[in-house]
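You will see two complexes here that share chain A, one where it goes with chain B and one where it goes with chain C.
Moving on, here comes the complex of A and B:
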């Protein structure tokens, strides 16, 4: 009975844990809480994935990201606000502190409202630039939805984005139906800096541009950016693996665009939008539901015939053969899975003292892998240099949790009795023979000296007698 | 015949004289006897290198004590062994360097000890070592050689 109970308890825990790896407390900052009706399917999706949503307005007195020095929420979504600022509870510093405390933030913008000062400053800290007027509109005269924006051309219709680079796993549109398009209505584009933590998900097409509709209603003569300069959906993953995503168009998440039909200019028939799945994947990535890597264990040992072949010894000797194995899992929505390194990418092991002495590829090791964890292994010969070394795995890729694992070991020099004997080295044989010849010659000399009667002695005696 | 000519170089005559004072009995009378005809042979200018070498060898064979000859033979043997080891090191490299050091220094050290033994046991040098008898010198030689061999065998590992 008890085991049955615990079994059900386990099932319950398994069901509940089908959420983010970092927590389920999600704060939604809305200008007006009644607005949430427009996003009911988006919020419904989040709740069905196990998040506990809290809705607040920026002006609310109870809004606080931190409580008694600890994060009060695990994730935050900030919706566009009409207000000029976000108030004293959402200053750029507090938002940055939240990121530094491993909180995740999803920010949405809209061309319909000016971005609050607080957010602009916060984005500038992350090296994301918004137009100086804090508003803008992305239009594209070649990729718009002819059904809803035949005049304004400001509802962009885009195919789901591919990978940023070929060796990076595509989290956001892998497996997308070929006939679905992404609608990006009334959005604002941002321009990204050169920071290595920045990774765009969706860039504007080559024919798009962004301008300020309020000031240039008649003649467009001053663009904020054009073409692929404009990032429509972009991400930042901090060094502590806290995640940030910026969605340029909040309307992407609205019920009306989830499952709506769009008709691209020039196309003959309308197709469904990919927005719902895209919103799920972007929010899921941001809230640590995909692309989260975990190091299960690290093991290194002597790869030699030795009586003492213990795991993870603190000390090795120079020129030892050593095998290093690391086990990695990837959280994918609701379960830990074996992490597979993407093709064309490689997981590397460094053996370093200040600078790496070895940098080798870690290969998949099926014998230590399970469906939940993949083991990667490499065998190296330690360098001919004693000192304090680190086994280091430094794997930082866009959209994947940073892995930086250091295991320190001492490498000692050879003990005096560990060198090979001279007779084991064929190069030393001539000199061994030299000693042998010298000693043998000496023994013969001494024998001859002692047992040869010197005739001089007799003559000496005879001389004496004479 | 050879004996009559071999005295011509002055140092050889001096050495012969020194040797005559102590051990080499046959050489002692030869030196004064041969002194007069030596001038004749130089005057005849028939001397060549071949004869000089023959003179040296025969004089050495006649006037050197047998134990000194034994020492010289051993020294020559050690020189050959040492040169062979050094040539091998130059040609084949010094990879187990301790082995080279050990083998070469064993030979060189033995050469030095043996040369010391020769100096101490030569009758001509007796005045320089009044307190060292030939037996004492030999005992020193044996002990030092054993220490040398012990060290070298340990060092070659």
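Moving on, here comes the complex of A and C:
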């Protein structure tokens, strides 16, 4: 019933320009519901993309992320709270359960308020460290906005971020106008752990650093982080592809910064901020509107002349030539499109029993692709080991949904009549000749024994009797 | 004297402009020391804000790198908020900042023993590039310039520090299964020679028999005595060999067995008659 309702809801909101693949119920947690006026453009953008926003305070009694064991919301945005904790309905365990139930969370911080304890515990669970004292301010004396922060240097002006590695698709600054800059006002930087699930979007510039304005105003005695080790906007994608993003500065989402003009120190003219588009892209990624992959179908078949053209057989033979094709689509804001693997990156097929026997690259196959689904294919020769094998496509990349597809097939050994015939084996010729010689000798012996007359013996006998 | 009014105001403006532009951080009395554990300073260099040192400095495993300078804002010693020595690894671009301890008059000092440098920088095979960053709040321009190069020398007796690269999602190395070699035959010439040797035994056998007096003299007599039986019997012997030949080339067991059954029955039935005829010749003393 729920899926039927959501199907009709999907049809209805398909008319809107963008939509999330996992649902449209968005919960915004703020201390003071009147604050939302300062973010009207951000919330307006979210609503125009089809989200149904609900505003609650953390200590509200009607706030519940789960209802009768199911998620009551699909996405949550947490704004900075002045309280020491986020209340009994947003404990770290509940937030983790929400991620495990495929809910997405966007958390914002501000240097002006201390992060609640429960939030710090939750972030520590995801291997994201905040400064001790749970408050910090990122400043950069070389990249600040000379219009608003000429003395305090706490409004960072950065160029839209490129990808951390060349093979990662650039979701957040692709197509950005060359002269627009990102403003990061009064924000907190975080330090990310080493895990593969974490990926920073925006890192602090080399000369930036974080300090505690209350205690370290004169001298920085204990440095929390500096340079590119400070992540200003960071993300975690769980193994079930639920997404979490941490934006260090909630002010960069404010209306005043969406339409502002910033002038970097040392620059001659003021430029517009990229904040609105960046906020759209970060929230779009977090709420599963971009970077969502889907496997449409998988097909494997025997690629030999005598094959019966059967799709996805359950059993193969050793040393068979097999072709495997997988079709992938990518959801980009409002439609499924063909997924193109980034250059420098490959989609790999593994053929493995306990460990991979083959790991080969899947190449784009135009004959099975459509504009909405791209097919990737590879042909392999099955190993000469019989057993139960798996076709595995394990494609996990930062910012893309985790793809893990496993198809199990049996691989049997050669049947007795699939070996080469003995007359084709040159080493067998002496033995075949031997058989022929035996047959000839036998037939000759039979003829001889049946139809021969004894040789003459009389002369000997007469000699003996004498 | 009435000319001096606009001139002095112009001069004042120019002076103000110069003062504005000249408000920037720098450092003076910079020095770099390498202190060995034993206590003696092995290397001592002067650091210049305008140009970096030309030769790299070697830092041993028990040595400490000590950088001191006096931070100056516009020539006056002042305490900046940020004074870092940043070590950068050239291949990966990773940087490690080391904040300096600052006094009110701008004197800054930092001691960097080799063990405090992060492992991935220590394992670099190129020298680390060190730059000095001095900046603070306000309008004074910050100072950020390369200062010197550090070469890490490790103690050859001590095992190098282990660094495990963190797992990152990405493409994995390709694997191709190496197949076992197909079973091989010896060269065809060798097989042919031995096959010929085997085949040559057949005429050798027949010739041997002929030498020993083999003949088929009683053939006409046998056929005259029991023509059908002998023909059928000998035919079925040959037919049996033919069945074996068909089994070798195309038939399967379930096709061969019925035929063998039929041929065997024929052999037995005709054989009793044919071999009876042979017995009669034996009893007549002709064999």
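Things worth noting here:
In this text, the second predicted complex is superposed on the first by the 404 of 466 C-alpha atoms of A that agree within 3 Å, B and C clash if a C-alpha of one lies under 4 Å from a C-alpha of the other, contacts with A are read in each partner's own complex, and residues count from 1 in each chain.
Note that in this section contacts are C-beta pairs under 8 Å (C-beta built on N, C-alpha and C of every residue); 3 or more make two chains touch, one makes a residue touch a chain.
These numbers come from a predicted model, not from an experiment.
With both structures placed on the common chain, the touch criterion links A:425 to chain B and to chain C.
When the two complexes are overlaid, the chain among chain B and chain C that reaches more residues of chain A is C. In the superposition on chain A, contact of A:297 is made with neither chain B nor chain C. Of the two partner chains, chain C is the only one touched by A:167; chain B is not.
In the superposed pair of complexes, A:448 makes contact with chain B and with chain C alike. In the superposition on chain A, A:227 contacts chain C only, with no contact to chain B. Residue contacts after overlaying the shared chain place A:434 against chain B and chain C alike.
Shared interface residues of chain A, touching chain B in one complex and chain C in the other, are 425, 427-428, 430, 432-434, 437, 439, 441-442, 446, 448, 452, 454-455. Chain contact summary for the complex, chain C toward chain A: residues 79, 81-82, 84, 86, 94-95, 97, 99, 101-102, 133, 135-139, 142, 144, 166-177, 179-180, 185-186, 188, 191-192, 194-199, 201-202, 205-206, 209, 212-219, 222, 230, 234, 237-238, 241, 244, 274, 278, 286-287.
The touching residues of chain A, counted against chain C in their complex, run 139, 141-142, 150-153, 165, 167, 194-196, 206-207, 209, 211, 218-221, 223, 226-229, 319, 345-346, 348, 350, 356-361, 381, 383-384, 396-398, 425-430, 432-434, 436-437, 439-444, 446-448, 450-455. Taken together, the chain A residues at the contact with chain B in this complex read 419, 421-422, 425, 427-428, 430-435, 437-439, 441-442, 445-446, 448-449, 452, 454-456, 459-460, 463.
Of all residues in chain B, only 23, 25, 65-67, 70-71, 74, 77-78, 81-82, 84-85, 88, 92-93, 95-96, 98-100, 102-104, 106-107, 110, 114, 138, 142, 145, 149, 152-153, 156-157 touch chain A in the complex they form.
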